[in-house]
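In the two complexes below, chain A is the common chain; its partner is chain B in one and chain C in the other.
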Partner chain A sequence: MGHHIITEIENEKFEFTKRSRTIVGAIFVIGLILSIIGVVQLKGDNGAESHDTDATEQHDAEEHALNSETPASFASLQHGEEGTHEAPEHDAHAAEEHAADADHGDAGHGGGSWLTRLWSNILMNSYYFMLFAIAALFFIAVNYAANAGWATLVKRVAEAITSYLPVAFLTIVVVIALGHGELYHWIHYFKEGYAAGDPGYDKIMESKAWFLNNGWFFAGVPIIMIIWILFRTKLRNLSLKEDENGGTDYFRKSIRFSAGFIVFFAFSFSILSWLVMMSLDAHWFSTIYSVYNFAIAFVTGLTVICLFTLYLKSKGYMSAVSDEVVHDLGKFMFAFSIFWAYIFIAQYLLIWYANLPEEVIYYQMRTSDTFRPLFRTNIIMSFFLPFLILMMRNAKRNPKVLMLAGVIILVGHWIDLYLMVMPATVGDSASIGLLEIGMTMTFAGFFIYWVLNNLSKKALYPMNHPYLLESVNHDVGV
Partner chain B sequence: MFEANIRKPLVTGGKTLTDVSNDICRPIENKPTKLWWLGFSISFLLLMVFVGTIGWTTWEGIGTWGVNKSVMWGWDITNFVFWVGIGHAGTLISAILLLFRQKWRMSINRSAEAMTIFAVICAAMFPLFHMGRVWLGYWPLPLPNAFGSLWVNFNSPLLWDVFAISTYFSVSLLFWYLGLIPDIATVRDRATSKARKFWYGFFAMGWNGSARNWHRYEVVALILAGVSTPLVLSVHTIVSMDFATSVIPGWHTTIFPPYFVAGAIFSGFGMVLTLLVIARSVLNLQDYITVEHLEAMTKVVMLTGSMVGLAYLTEFFIAFYSGVEYEQYAFRNRAFGPYWWAYWTMMSCNLLAPQVFWFKWARTTPWFIFIMSIIVNIGMWFERFVIIVTSLHRDYLPSSWVMYSATWVEVGIFLGTMGLFFTAFFLFSKFLPVVNMAEIKSILKSRE
Partner chain C sequence: MLDKKLILGVYDDGDKLLNAVIKLRKKGVEIMDCFTPFPVHNLDRAMGIKRTNLTVGAFLCGMTGFLSGLLLQFYMMTSHLNTFKSWPMIIGGKPMDYSMVPSMVPVTFELSILFTAFGIGILFFIRAKMIHGKIAQILDPRQTDDRMLLAIEPDGLGSVSRSEVDSIMNAEGAIEIRERNMDGSSDH
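Right after this comes the complex of A and B.
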């Protein structure tokens, strides 16, 4: 309190300078080069980049032959962990089928051809950057629906992030159209068309045919994303028209479209997360999975909004965004890191406690020797570090500390996604190498370029938004 | 704090600071109305039903209940979870809405918190008396074996419940009482009779409204708000784990924690609406608990109802996706088995009915909101009934499949807790200010 009230602000326009373009472009190009080197390296190594165990080496040739026709995930899921073999009923079918693979399944699947690994990386990054864009749209919609005023100043930043949605659409469509054979073993399974009694017939898989089918996968996913893009376009246009014409009509319309989007988002995002991510482990299931994906999306989306805002502020833009607004963005990052941890523990604890073979397999694969260090790092970086760093009031008002926390959150959830994808597709031969780093740099470079470019096109503040001055005069109170 | 001019005022009727004190203290300082006596008498009768049935249970034993071989304490647990759920709105309003700076909470937080406390007391009756020997009710505490008890099992979510709910109760009570102190002092200062001056003076703990008093008050309030925020989530998370850590089909599902929390908030707001729609007209508080407040609450009801609905559908989807036949049977049995009526009552009350709040008329018509709030209460009671009974009455052994029904004693106990709850609430509305005067005055000032 005690501030004087600001009643007018100057609008600003972001200029994406040549220098910045070069730097961001360089990230993209270097990423691309690293990825190519990574792929060439993997190909040269005959698909077994990390020879950590001797067992892997022995079975290498044999496995490679298998992988050329069957995605590694298939073998790894069926015969993944010792735990599987103790499983009484559900994995009985697994033991019977693909008897041919069974002998090497125990030896620790070295699997993962370079192609599987390449597609896994593309999938993971496509999905990760899509999460930012859709979460930013969700953030805009929630602020409308909840009549929240404080974040109005950063609305254009969030809008610019949503402009990435069409790109995300393209990358996801490319992955599912071209990479599905390497990633989703259920697609491969249904292509083979087993009849009951055949060796390799999988009763569980057959029972999922009503959902895991080409219709849902190849039509459902793109349709969902197209509708998201339509919502995005509508909300963006309303916002731009509001800039021109003023009045509260656009604002009221935006509230209605936001509410509609939130309802559609709740259902469609669940379906999308099941199809694109959960079906990588086609036998496994968890009811909280979609909420878990949402938790990742929202915390990372908020972080990306915050980081872009801090970047703009560091370049001298967004002077109307006070520490108070940044503070609240920091609070959201803090709160939703805790929310993620809550959802994580809900899934992990319940699966661990009940110890049902068809469920624990998921965590057994993710706490194997290969993945255990990352599994722990994920929890530390996605929860403990942001929790401890952002707990203090001053941390949320200090751009450097906030940036540090933001980067930790983003890397943490990158690992989070890595653990969702890689154990299911590449299996125990996965590691973080040039390909992983390069591919993420490629996507990040492109994403940043796209967002900043979009940001430079329109004014930075939605000047006629009825809550603009609330955001300008925002005060966290304590 | 700056506010956009399109926001509507939270308190209507052009009230001054004096008006606030007069309006809110009126029920305390005057003789209760006829309506109050009527409501109180009915509640008190129900309370006597509670005393009678619980007394009979204690005298005769748990055999008076409909406990049977596979459902066990179905009715008892249903009611326990029902009441604990209702107890969630209070803390949500006072802690989470405080963090989200929702100022409309100021008119309703006092009564919602009171409701929370009474609901938790009602809830506690069920686990306490289901033990049969209520005089050994301290056994769930981790006491040395010399007290006669055995060392408790820390692996059991039931024990986590003991800690979660007792913590929740203590913090809610403290938070509620702390907020009451300045208001009790106001009543004390206006008191005309000696008795009132003494008792309100006693509970005001020497509050004198000095800057020092207020400073300490605000520090403690903030700390308690911080402490109670995780409690909003933790209590029903742990209640959900009572079910979800088991391997019972229909119970063991990972979405239970957030889904139970959403359901609890949903039912809590349902009950807050039931109480406040009545209270605002009986106590003439329409200018403080305005239609705007009701509208905001209906939005929360719609949101949480839809979240719960999404969880129902997710559960159903995953059951059929999972390929686990037991899970599939549990859900088919829920929807189309002998308890189909309970399932569809739940679905229509919790998922479908709140969708009427998409319409402005439904959100702003008090009598309609009242009916909807009763529907929400019914729906959430049935949700617990469905979860508990349908998963247990047909277990892995078809020879022990049963139909479950409650006895008159159990029905009496449930109706009796209603009596306990409403009696407490009527007494609260007579003896304590139902709206937080101090806080309401703070938002009046900013609107001048």
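Right after this comes the complex of A and C.
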């Protein structure tokens, strides 16, 4: 019976055993091998195709125009009113661009090339795992700011997940610095420097130039992430010092830093999601896009915290974490799955209703024959399955069911991000192959290794946290 | 009924009440109910209260709302049920078939919420016998102010003697122990 009030607990220390290290390392290595095989395969296919079509310039240009479905459809929408001249003009443009790209030794931003697909995968996974880290930091900050004590026991798990933030910073900066040519077609557009009246001049792009420019992109994204890392370091140091010295000073300071972080996070995360993800479809925009990204971040972040906690519990650690705390984490997963669905339908429904060409193209691309199955799977896995599975109280208190729901949520939102990136970059030639699976395994292996390694360095409970015992005795009633 | 009297323990502190409940339950005494002006943590578990089935009711109410929302819209706005009579509802120029299902999401969602909220509220009032117009049976007026009440039915004592119960309740700091008629007809 749960009415015995616990007044002290023993601290625990997680040991990252050699066996676990080997298993997690194996995921990483296998993922890396699969990715390389995938790349080689794609490169082979790609090379064969271009060899066949190399015969005439004309042919190649057509091929390129076909491959670059995405910019083409944008352009046709854009220049729709210009009428019949559009198509040949675009072909010519594509050919010209292709020639220019060849000069630079660059495959261009057209879909279908193996390099584009590789960078798309790296971007997608960098962003996906970055979301876990930043959501975990947000979770810590929210608990401080709301003066909430129930999650104190799992705070170290969340902190360990935030330790991935510097790695996420590196991977995203690498994508931005090296892969931007393959991913962001607006960068190519602005490189050309069209004047008003030029054939390629694009009114929509020009109107976005004050924000969608190299300054915001190449400086803004790293600066935002560095500030996140600084906040993370500060909160972590306060937490560790609290362990050493005790007292409530560190707690009060943490509240102040958390409140500051939440305000900064609201603005900066929006900007980052626009720059990194929404600008993949540079013509398109959605005002709720950053909230949508936040919904993904928070639900996946909570799921990851929950899964790590369950893993530790299954290994015999974290015995002080009662079913009540796990139950509340499950409730959070359940609630934010619904929140995600709410934001998803809020974005989808308005665009679907209004049916404006420049808006509806986003979902047109995502419900094409290539992506329609995934589009439906996404909704089912991110909302319907977690909703139905986690609805029952017993499900949230059963580690196995909770783990199953967690994995479903994570896969669902992986597809979610896949649908945000791939239709915009790779286009209709996209598929989930060795590269996609391998790259995700690589990132997942690295992420798990990094987090568990960080977790093994410090004690599992913040012993001097004023709300520790509240969390230990946390009770949600019968 | 005359010899059946509720035993009431009056407390001024939630922890004392909780400890008394724990001790009494350990002896095998069944607690009828506790009355507290604010929630006392762990008290429900200590009293051995069973989990409510209200959630099942909530789910059924929600399903009713969900289905009636869908039915309502299919009935009124499409030709699927052969009920569509007069005036086509143009939604974004979409055809009147299953492709307009997204437009049904808000209404279905709202009706699910509405039915659940009202349904669970009404079910709760019925289950707790709080029907409008019924005169409240207050065991002790102080339970509505700042005192906590521990009520034991005489049948719930089991093998424990009355004096033992009194001594346990007193040991945990009861302000007063008194008896009260079950039906509330005359105060002791």
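To be clear about the criterion, the second predicted complex is superposed on the first by the 411 of 478 C-alpha atoms of A that agree within 3 Å, B and C clash if a C-alpha of one lies under 4 Å from a C-alpha of the other, contacts with A are read in each partner's own complex, and residues count from 1 in each chain.
Just so we're on the same page, a contact is a pair of C-beta atoms (placed from the backbone, for glycine too) under 8 Å apart; a residue touches a chain by one contact, two chains touch by 3 or more.
Predicted model only: the values in this text are computed from it and were never measured.
Aligning the shared chain A places chain B and chain C in steric conflict.
Among chain B and chain C, the chain that touches a larger number of residues in chain A is B.
Legend: residue contacts after superposition of the two complexes on their common chain; A:G149 is shown touching chain B, with no touch to chain C. Once chain A of one complex is fitted onto chain A of the other, the partner contacts of A:R393 are limited to chain C, with no touch recorded for chain B. Of the two partner chains, chain B is the only one that A:Q347 touches; chain C does not reach it. Shared contact residues of chain A, touching chain B in one structure and chain C in the other: 1, 5, 349, 353-354, 473, 475, 477-478. Residue ranges of chain A in contact with chain B, taken from their complex: 1, 5, 90, 147, 149, 203-205, 207-208, 210-211, 248, 259, 263, 266-267, 270, 274, 283, 285-291, 342-343, 346-347, 349-351, 353-354, 356, 358, 466-467, 469-470, 472-475, 477-478.
Of all residues in chain B, those touching chain A in their complex are 1-4, 6-7, 101, 222, 233, 237, 241, 244-247, 252-258, 306-307, 310-311, 314-315, 317-318, 320-324, 358. Residue ranges of chain C in contact with chain A, taken from their complex: 18, 22, 41-42, 44-46, 49-52, 55, 59, 91-93, 102-103, 105-106.
Listing the residues of chain A that touch chain C in their complex gives 1-3, 5, 345, 348-349, 352-355, 391, 393, 473, 475, 477-478.
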